[in-house]
Structures are given as C-alpha cells and as structure tokens.
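Take a look at the structures listed below.
Look for chain A in each of the two complexes below; its partner is chain B in the first and chain C in the second.
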Partner chain A sequence: MIEEPVGGRAASEGNGGVLLEAEGLARHYASSGPWGAERKTAAVQDVSLRILRGETLALVGESGCGKSTTARLLMGLEPPTSGTVRYRGRDLGSMSRTELLEFRRRVQLVFQDPFGSLNPRMTVGGMLGEVLSVHALAAGEERGRRITELLGLVGLGPEAAERYPHEFSGGQRQRIGIARALAVEPDVIVADEPVSALDVSIQAQVLNLLADLQERLGLSYLFIAHDLAVVRQVADRVAVMYMGRIVEASDAATLYHEPLHPYTRSLLAAVPRPWPPSEKRRVPELREGADPPDRSTGCPYLGRCRHPARDEECSLALPLLEERSPGRWVRCIKT
Partner chain B sequence: MLSRARRERGRETWRRFRRHRQAILGLALIVLLTGSALLAPAIAPYDPDAQTDIVATRYQAPSVSHPMGTDRFGRDIFSRTLYGARISLSIGFLAILIAITLGTAIGAIAGFFGGRLDTALMRGVDLLLSFPRLVLLVVLVALFEPSIALVTLVLGLTGWMGVSRIVRGQVLTVREMEFVTAARVLGFGRTRILARHILPNVLTPVIVAATLGIGNTILAEAALSFLGLGVQPPTASWGNMVASGRDAMLDAWWITTFPGLAIVFTVMAFNLVGDGLRDALDPRRVA
Partner chain C sequence: MTSPLLQVRDLRTYFATDRGEARAVDGISFDVREGETVALVGESGCGKSVTALSILRLLPEPPGRLLAGSSVQLRGEELTSAAESRLREVRGGEISMIFQEPMTSLNPVFTIGQQVSEAIREHEAMSTGAGERRGAAARRVAIEWLDRVGIPDPEDRYGYYPHQLSGGMRQRVMIAMALSTRPALLIADEPTTALDVTVQRQILELLASLQTELGTAVLLITHDLGVVAQVADRVMVMYAGQIVEEASAEALFRAPQHPYTEGLLQAVPDLEERRERLAEIPGNVPRATAWPTGCRFRPRCPYAWSRCRDVPDLRRSGPAEGSSARCWLTDEPERRSSGSGFGLRSPDGRREGVGES
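== the complex of A and B ==
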C-alpha cells in the first residue's frame, strides 16, 4: 500500500520544486533468535515524503521510530526493502556510477555524533582537501583558498585547517562536519539530530548557523530530531514518525498551533515552556493493561493513546494517512 | 606536512613510554644489540669463521684474548655471536615485515568486504593456526634447500595469521564508525576508504603485534637453525651455535651459553618494548 507522499501542495502540482523524494519506503530487518527462529522487524514502513527546494522538512519521533533508518535510505546507504528514493526524478536504485557520484555531490549528510564523524587521523584541512580532490572541485592554490572559505562559512578561522579533530570542542567539530558536507556544494542536506549531542547553549549557535547557511546557499534540509522544541526554530514543515510510519505531517505553524494526532499532542506537551513555569509533562508510556504495540492490526499507537474517543474501532485496522485539509495529513480515525 | 598536533601526540606517547622502566631497558638492549650487529666488522676481535691452529685454540675457556671462549674449531665465540646477531636480527625484522604486510592485507580484506570472502579467509587462518608453527616450519623448509632467504620467507609466511585476526577485528569496528559513513556519503571509492580512512586507524595494534612478533620470530629462527634446518654452518647464527656446542655442554659450557643468552636477551628486549608500546599507545590502559 503506497500512500500519498507528504509534501506541499505546490509540490504535487508540477515537479519543479521537488529535490529529494521518497515513495512507499520500507525497510525490514531480519533478526534471528537464539534457536534460529527468524523475526522480521519493520524499521520503516510506507514512508513517502518530498523535500522541496530551499525548505526545511523536519522528521520528528522518539528514538527507534525509524527516522535514522529513513535518513540512511534517503542517502542510499542501504537499499530499501520496498519503495523508491528519487533525486530530481531519478530513481536512486537504478542510477549509474556517474549519476550516483553526482547524487553524492548534491545530497549530503550531517551526523549526530561530533566525535565519531571525523577521522581522528586526518587534519581538518586534509579532510576538506580530500573531498575537493576526489570531486575535482579545486586544485593547487585554489584548494587552499576554498578550504579557508569553507571554514569561514561555518565560523572557523583558517588556522583550523592544520589541526586534528581532537583539538576541537563538540560544537566546533559539528561545524567541521558541516563544512565537510558543504565542500561538495550540495543542495540537500540531511541532518540526523545535528544538535542533540551538544550543550544547549551550543545548540542555538549551530541551529543559527544552519539557518544562515540555508539563506546564503539556498539549501534544503531534512532535519531529524527527537523532540519538537529544537525543530520549532528551523522547520517549514514537520512530519511526525511513530513506529516506522508517518502519523502526522503539516506545515510547522499549523502543527504547533493545532496538533491533530494524539502522539503529536503528547510530544508537544512534553516541550518545556519557559513561562509560565510548568512541570514538564512526559510522553505517555504504555497504558496499564493495554496490548503491546507490535500487533499486526489496528492503530500502532493504541497502547499509549490517551485520546478520549479511542475505542474498539481503533484496534480493527491500521488507520490511513489522510489529508484532512490541504497539506495537512494525519493517521488517526478519531481526529 | 608534519603538523604541530602530530608532533605533540608523538611526544605524549614517548612520555608515557618513558615511564615504563622495563620498556626503556628493552629499548636500550635493542639499541645495543642492533648497534653491535651493525658494527660487528669493527668490533669483532677475530674473523668469525677463521680456523687457525685448531689443536692449539679449540675449547678455550673465556679469557682476555677470547672473552667468550672458543668452540671446537677454535673460532672466537664473541665474534661469532656478534656476526650471529646480524643474521638473527635481520631475519627477524624481514620476516616480521613480510608477516605484518600479509596479515594486514588479508585481515583488512576479510574485515572490509565481509561475507563469504571473510568466512573463507578466516577459516583458512584457523586451519593454518591449527598446525603447531614449528611443524609447519619444518615441513616447509624440508621441501627446499635451506638458505637464509628461505628461512626468512617461511618465517614470514607462517607468522601472519595472528596479525590478520587483529586487523580484521579492528577493521570490523572502524568500518562502522561514522567517519567511514561520511566518506561513503561523500562518494569516496572503496579503495580510498580502506586505505585512507580505515587502515590508519587500525595500525596501533599492528605496531604492537609486530614488536612482540619479532621476539617470537627470532626464537623460531633459532629453533630452526638449532635443528639444522635454518642457517647453515659455517655461517654463524645463534641457533646453530647453540647446536654446535651441544655435545660439549658439560666440558665447554661457554659455547652454548653465550649465544643462548643472546637469544634470551633479544627476545626479552622486544617483548618489553612491545608491552611498553601497547601501554603508551593506548591511553585507556593503565599500566
């Protein structure tokens, strides 16, 4: 079953603005038990989304909901079990070697862990220089100039080029990771929780940097996060994932103003508010007596759902992702 | 471009190494041994192979003119031990070079490409490791005419399995790290990722294994030469010197004792340095 891709209205009429697109994406993992009994885990199911030129699409969900797997599928780091990823209309699965190299130039990844994502044995200049040389983007004196320029773009001085990753702080390392992604002049950046490993004070700086770069370079972002607080500053549109599926998607302002899906509501309620001071509410755990959430029929959220109208009907069939109003999608039969 | 940071890291490693007293002792011994091996023609008081008046000069106990005595052909043990060091050390270094090159290549390929290739290579390693090394050495050497080149080659070919296991394990860890994913996303080829991003990050344990392996290799060479399958007389090697004094051990203890001590000290020195390096290169391990 392939559902409508989550995307702006403009996108579905005329394909000009769509850069990266996923359609009916699914990824299953087989895990074998101690006696060889095989169990299939669906990390991602029926995910369709579109990333438009110059916009930020946020993908939000708790850990284990499949958002990082979605990122890996979109980057072509692993093949989807079913569904397709398209970049400017070309299917990633059937790209030639040269097309794939071009794709690698246009779509880049920024990582969560600022410590593991930089090669500890290479200087920053060495890393950036390698990217420039592999893609034949700058050689000789031009290369040094470009490295300085890239470092400047992310707010680092030219002296950073001679240093090794361990000499930098977490926030600076994240800037280096961003500079490396920018070196190939991409138009889409998939940022997988780019600030969640950083101190709160540093988070804002990196978010501002990303916003600033978007404006200057016309980048599109797929911004992955586990809470809605971080996303609020950067997202144009938000898609909320739960157990491998998109459960709600909408433009950011509407979603924050009037969330529809009970899961989105609980996520929003968990966002701490500066004023008036209130106790931070938690996303609900599994209700006592409720069925475990790996049941094959019914709404996967039912076990944790606090919607007053939930009833037997919810356990009969998987709700479809329906478009309630233009650009406003929700997977719940009770809202 | 040797940057400040790399030099600093080297200095830090050296500082930790220096704290390791036994390792410094080992290093001093290695420097002494290597130095005297290199300078053997200048230091040695006699020609190691010269036999003059056998009846008059053979089986002489250590004295001022022969610090380690003479053997049954009247040859000076001290000079022969010095020349033997050249043979033993160069075989040790060359053989370990062959072993780590082969071990790193095979381990890296197995770990990086995985799947059936990995299974096949590692089962091959298991198979080779299931033979006692000496048996393997004896069989291989027995098939051909013994020579220094053959001994070196055979020692290298039987010594790489441990290194390949270490490298494979390290590669399996490193290839899952995010900087490797970053390299893939940036469109780097597999060869580049393996050579520039994975291998430099697995070399530390290889250096340690190589240092520890030199001792073992020298010991294995001595064993082969003792059995008459390694370096052939009259060329002096510690192993065949010990063998030649075997019959007269009770009457002329010096013939076997001095080359034997040379083997002991050399192997010990390399093991001490290896231990020191392991602790110095890995800050998480507290010695």
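== the complex of A and C ==
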C-alpha cells in the first residue's frame, strides 16, 4: 500500500525543497521458525516521508519500532523489499554509478557509538585526510587547512589532528564523528541516536553543536532517537513509529502539545520529568496495557491501547495514516 | 531516635590502575532510613556504582580496596569488618540488589521460576536455619511473586527461560527475586536505564507500590534526573567521587544549591518547550586518578573564584531544611546572583531551571 508522504505542504508544491524522500517503504526479513519453516518479519511497512532542505525530521519510537531500519533504507545501505527512495527527485534504484557516489557523499551517517565507528589505529587527521582524498575534495596544503577547519567547526583545536581516538572522551569522539561526516560537504546527516551514549552535560554540548552546524551550513537532519526530550530540542517535525509503521507525524510543537495517537500520548506521559515532586500532579497518568499481541488484522496498537473509544471496529482493518489537518498525520480511526 | 537503617561514613574506595591510584569513591557519608527512597545521582565515573558495590563488599579486592576509616553500618552492625559468611547472609537477605541489565544477573540455563524459588529457599535456610522449604511450597511462593510483579500467566511462565522474556519482564523477575526475601534495603543500580520509556514507567510504578506495601527502603543509583524526581524522597548528587549536594527531592529540583546540580538541570532538554540553547557544563569529567585540587568542580564552574582553591566541605545551604552543598557559595550567595551562571536566559529573560525567583 502506498500512502501519502509525511511532509510539509510547501514541499509537495514544486518539490524544490525536498532532498530525501521515501515512498511506501517496506523491509521484510526472513527468519527460520520452528522446524525450518520460514517466517517473514516486517521491520518497516508503508513508510513515506520527506526531508526538506535545512530542517530536522525526527523518527521516534521504542526499540524495535523500525526507526533505524528506516534510516538504513533511506541511506541505501540496504534495499527495500518494496517502495522507493528518492534523492533530489532521483530514484536510488535507477541511479548511475556516479550518481550513487554523489548520493553517498551528500547523505552522511553519524552513529550512536563514535568509538566503534572510528579507526583506532589512525590519527584523527589521518582519518579526515583519507575521507578528503577518497572523495578528491582536497589535496596537498589545502588538505591540512581543511582538516583544521573541520576540527574547528566541531569545536576541537588543530592539535586534535595528531591524536588517536582513544585519547578522546566520548563527547569529543562524537565531535570527531561529526567532523568526518562534514568532511565530504553533505546536505543530509542521518544521526542515529547520536547522544544516547553521552552524559547529560556532554549531550547538551553535542546537541548545541548540531544546532549551530545546521544554522551555519544549512544541513538537513534525519534524527533518530528514543529520548523524547532530546527530540523536542532538535526537531522541526516528528514522526512516531510503532511496529514498523508511522502512527503519527506533525510539526514538533503540535505533536508535543496535542498528541493525537494514543501511542504518542502514552509515550509522552511516560517520560519522567525533572520537576519538584509537588508538581507531580502535572504528570499525566500512563494508561496502557502490557502486551502487544501478535495480530495480523486491525490496529497493531490495539493490545496496548487504552483509548476510551476503542472497540470492535479497531480490530477489523489496519487504520490508514490520514492527514487530519495540513501537515498533521495520524493512524487511528478513533482520534 | 533509633539509628538509621544504613549509615555510611567516610567511605573511600580506591583502585590500583595503570595510571595510578583511582580515588573512585573519596570520602562519602550518608544515611538511608527505614522505608525511604534515596537517590544517588551523577554522571558516568562519578563513583555512584562503586559506592553501591562497596556497601555490599562486591568489589574485587584487589584491584579495589576500602580504606581504613570507611564505615558502613546496617542497623548499627559494621559491614566493612564483617566476615564473608555474614556478608553472604546480608546480600539477598537484609539487602538485595538489582542491576541495569537483568540478563547478566539471571542464569540462562535455569527457568525464571527455579531462580525465584531458589532465592526464596536459600533465604529461608539462612534466616531460620531450618533447612530447605519443601520444593512445592517454594514453587507456590515463587508463583505468587511472579504474579505480584505483574508477570501474566505466572504458572505457565514459571517454566520460561530468561531469553524467552522481554527486557521489562526480565527486570520484573529480578524484582521478584530481590524482594521475595523481604529485604530492609533494595539497592537498584540504573534499574530502568536499558528499558523503553513506557516500560520504565511501569517498572518504576511497580517498585513504588511494592515498596509501600513491604516497607522496603530503596537506594536508587541513576544518571536520570527525571527518574529521580519521579521516585526519590531525598537526593544525593555525586561528582568526582564526592557528594556535592544533598537535599530533599523537592528542594533539589526547586532550588539546586551546587553549581554542578544547577548546570545539570539546565543541560537537560525540556519536553514542554524547545529551548534556545541547552546549558553546557564546559570541559569534561576529570579522571579519578587526577581529581582537581581544591573544589573538584572548580575547572568547570562558572562561579569559581580564588577561594575555590581550598577544599569546601559539605555544609548547610539554601532555604530548605536538610539541604547541604559542598560549595563556598553557601558563604557568599550574592556571587551566584551577580554571576553569569551557565549563561542561559530563557526568551522572557528569566533564568532557566534555577530557583532564584
């Protein structure tokens, strides 16, 4: 089933601002069940979205909801089972070799664990230099100057070029990971849980840095995170995923202040707030059942849903992702 | 007044490392009273987990060592000098512990039911000396506990292995094991950190209701200030091996006294509104082999002045009863209001996060 892409109105008129776009993405994995029987697990289904120039789209949801798989599909790191990904209007599946190389340069990934993604035997300068030479972006003296500039962009001094990854703290390593992504002058950065391994004080440094870079360089971010407070700080638009599907999407302020889907409501209600306990009354009650049952028809959230209006109708068919007002999408027949 | 349930005095746990001696826990003192929830909060490397492990003497010695003068008393009984046999009784008896990742504490080759009933039988044998409860009786109690911690179909799930359960369900099993022996104190080290947010909420609510029912005191070790606000009566903030602030949860979140606490609270993103910028605590957490001299927060503190080269002690601070901070600002509070703090102003010009209004 192909559904309308989750994206701003302005984007659909003219398409000039759309950098990366997914339409009807699905990804199934085959696993062997008992006695060798093949089981198909749908990690991602019916995902359509658009990332506009200079904006941050966040994908949120709990572990296993399909947000990281969606990111990998958008980056072309694995092929979708069905659906298409377009970069600047060009279908990834029909790109030429040169076009694909250009795509891989323009869309960069920043990982959760910066240490795991940095070569321990290479100095930071060596690593950045390698990226620059692979993409033939800077050579000779120009290369050294560019390395210093990149380190400066992420708040590190030029002396960092001579050091190895293990000599840096977690937050500094994340800065190095960001510098490496920036080296190839991308226009989209896919950041998969970029601050979840960092301490609060360091997390703030990295979030501020990402905001500064966006402003200076006009970057677009696809920001994948489970921490809803972090997402509030960075996102212009938010898409909430549940069991492989987008269940709600809208601009961030609207989603946080008037969540529509019962799942979004329960996610927001569950976040513990650093408030004085006397203000606990402001914490909404979490109303949610325990078990997500394995159901093939109907709303996948029904087993956990505590929406007062839920009934038989919810179990009849999968709700569609509908646009309730401009830019506001929700997959629930009762809201 | 009777002595507190747990009384920790001048606890120091050092480790021998390649870089020299790491003073992981460096002179901390606190009490936990019967039935209350106390949070020990701080960032990685601040010594909070080592504190928990030191209480139960669960640290490998060497490389770790408890320094002379350290005292941990359980209802007046000194644990630092207790015999290993007595410590084994205490662990899982008067004091239970749960960890972040239940998979590492559960045995993968036994069913969850066997493990809960084993905990019950072992405890019975130790506390009464009457030998093992008969298998069937322990099984019945174990099933009751699985039910109590919210495991559906407990009779059926009794025969499940840990890997067959979700992370949240495994943490429920750990809670059943930890509380089935009716300990006076539960030490919970990041018990919900690995869990999804809705599951975290359920586990915290489960812990709170069992705690009320059983009268268990909880020492919660966490980095998450939101979790602290949700469950704690009192809070101790750790930085660089020391407690830098202690207060009721109410006072701490309303008016943090130590600049480090102030910075932490301003660095946390807010669910309600997008902030212009988050506060940054500049620099990095120092290493335990080389804590800064004087006030250990001095190199990162926006208020630091010459006096901070002297070591401040933990002293009464702020308007709230029972609040204390390890900071010279307690003597010269006017420096706080005239300083720039962490340099943040909210759009309407008021200082964010800090209760100076």
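Everything below uses one rule, namely that the second predicted complex is superposed on the first by the 317 of 335 C-alpha atoms of A that agree within 3 Å, B and C clash if a C-alpha of one lies under 4 Å from a C-alpha of the other, contacts with A are read in each partner's own complex, and residues count from 1 in each chain.
Simple rule for what comes next: a contact is a pair of C-beta atoms (placed from the backbone, for glycine too) under 8 Å apart; a residue touches a chain by one contact, two chains touch by 3 or more.
Here the structure is a predicted model, which means the values were calculated and not measured.
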Which superposed partner A:E99 touches (first chain B, second chain C, both, neither): neither
Residue contacts on chain A - larger count, chain B or chain C: C
First (chain B), second (chain C), both or neither touched by A:E149: neither
First (chain B), second (chain C), both or neither touched by A:E323: neither
Complex contacts: residues of chain C adjacent to chain A: 43-44, 150, 152, 196-202, 204-205, 223-230, 249-250, 253-254, 263-265, 267-275, 277-281, 284-285
Chain A - residues contacting chain B, complex: 75, 77, 100-101, 104-105, 108-109, 111, 113, 116-123, 130-131, 134-135, 162-164, 167, 177, 180, 184
Residue ranges of chain A in contact with chain C within the complex: 62-63, 169, 171-172, 199-205, 207-208, 211, 226-230, 232-233, 252-253, 256, 266-278, 280, 283, 286, 288, 290-291
Residue ranges of chain B in contact with chain A within the complex: 1, 3-6, 9, 177-179, 181-188, 192, 196-197, 200-201
